Amino acid sequence: MRLSPQKILDVENSFRRQSIMQTFEAELAEIAPGRVVIDAPIVAGARQQHGFGHAGLTFALGDSAAGYSALTMMVEGAEVLTAEMKINLLAPARGQRLRAVGEVVRAGRRLVIVRATVSAIEDGKTTEIALLQGTMIPV
Amino acid sequence: MRLSPQKILDVENSFRRQSIMQTFEAELAEIAPGRVVIDAPIVAGARQQHGFGHAGLTFALGDSAAGYSALTMMVEGAEVLTAEMKINLLAPARGQRLRAVGEVVRAGRRLVIVRATVSAIEDGKTTEIALLQGTMIPV
Amino acid sequence: MRLSPQKILDVENSFRRQSIMQTFEAELAEIAPGRVVIDAPIVAGARQQHGFGHAGLTFALGDSAAGYSALTMMVEGAEVLTAEMKINLLAPARGQRLRAVGEVVRAGRRLVIVRATVSAIEDGKTTEIALLQGTMIPV
Amino acid sequence: MRLSPQKILDVENSFRRQSIMQTFEAELAEIAPGRVVIDAPIVAGARQQHGFGHAGLTFALGDSAAGYSALTMMVEGAEVLTAEMKINLLAPARGQRLRAVGEVVRAGRRLVIVRATVSAIEDGKTTEIALLQGTMIPV
């Protein structure tokens, strides 16, 4: 299966309109059927009290990667919303960059079950820092 | 029960060091034993593709309110980390401002169970938009 | 708001057909609009390795109470399914009986957000042992 | 890495003491480092109102598989408890048998992050029906 050029444009255009992704200097690194990867530096303005990335940053990247992975499975012009999301934090968001990989587990007509992992890259070393599991709904 | 002045300072100092809270122009509105309230505008740089607040903003405020509610129950000088958090989104983050109310459900020695609600205020009307339930760990 | 006699029958009939509720000797203790209470002994056949109630028992009661609370809000003849559920366990299921209280947080057309608490009763003393938060879907 | 005979006995003995596993006629199908598989028929006494397996059965098997996968990573004589667990239900528990596969994602000193999948087997065809993600704590 390959994504249509229109579907890729749908994802890119929606992503560009998410101002929080610009605030976090996040970029789409991969758009594939049922899988989207987002990269972002840990910007100075998205930290918690010890200087690591805030859980809100980790969540936002994981949630967006998961949501756009769901969007790749929808008909053109459709949209998805997060209904619910669970995040387990495995380690601090320490390093220079984060990478969020979102994947579709089950694309139903009414609910799309998604997962995401978020990893931190510190001096070239990658550590998985968060697991997300949740539900997107087509709208 | 009343919070000691030192504990209130602990919360305020930690909050001030979270740069993401400054990026979101968030403010501590209330610090009470087992309960913390955070207010924030829906800033231009924290939106999703339709101009509503991004789920990452809603999560960040709810998670911080819940985390600081846990911190009020810890001994002075302690800290807490989010181990896991579940969010159910009830409605879009539509309006001018958000208010997150975090509360401690059970403060154990090893785990602190917390909840938070996030509401959106639009033209003076308040709508509950998210429920969070999760676990903080003292460190 | 009061429940119609037909809606109360819908809940009772559905509950009676859940054979797991009979295995657990569970009973409907209350059916109100958006709120259902289920009582059950901690039967000998539903324990974990230390003789306390198994998390599966606690979950089953909480999930059913939450699901039936959602059902009270549906049109007659409708049904609901659990889409997802999160449980935080606060204390062991120690004692003679459990009580699960399910409540509707938000009844949407496509999703019903629910909560439940489960308490254990030991020698007349009630302790909250679990919090659930999840999503039911009308079918 | 191989499990010590003592550790395998620890898991088997604990499992045998969980009376709910006997009620559900569940059996340990595999015990490996960080991975435990539990098989069970969908017994007549563990059904929901349409005759499918109840979510409480699916949860109990997934939670136990996840918990015992965590136990394989603990020192001998240790035990684990479920702190929290999230389940997404993908499809009805339809068929003759269920299989739950629990796996450790991250074994920390204080928290063990686990996942499980539960599948239903109907006339030889296997369908994934649930995903679980949660936290075990050593005690």
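Think of it as A, B, C and D in the order they're written, each chain with its own count starting at 1.
The rule we apply is simple: a contact is a pair of C-beta atoms (placed from the backbone, for glycine too) under 8 Å apart; a residue touches a chain by one contact, two chains touch by 3 or more.
Because the structure is a prediction, the values reported are computed rather than measured.
Greatest centre-to-centre distance from subunit C is found for A, with centres as Cα means.
Looking at B-C and C-D, the interface holding more C-beta pairs in contact is that of C-D.
As a whole-number value, the distance joining the C-alpha centres of subunit B and subunit D reads 34 Å. In terms of their C-alpha centroids, the spacing between subunit B and subunit C amounts to 29 Å. Here the CA centre of subunit C is 22 Å from the CA centre of subunit D. Residue positions 83-84, 86, 88, 134-135 of subunit C are each in touch with at least two other chains.
Across the complex, subunit C is touched by residues 86, 88, 90-91, 105-106, 113, 115, 128, 131, 133-135 of subunit B.
By the touch rule above, subunit A contacts subunit B in their complex via residues 14-15, 17-20, 22-23, 44-50, 54-57, 59-61, 63-64, 79, 81-89, 92.
Residues 83-84, 86, 110-111, 134-135, 137 of subunit A touch subunit C in their complex.
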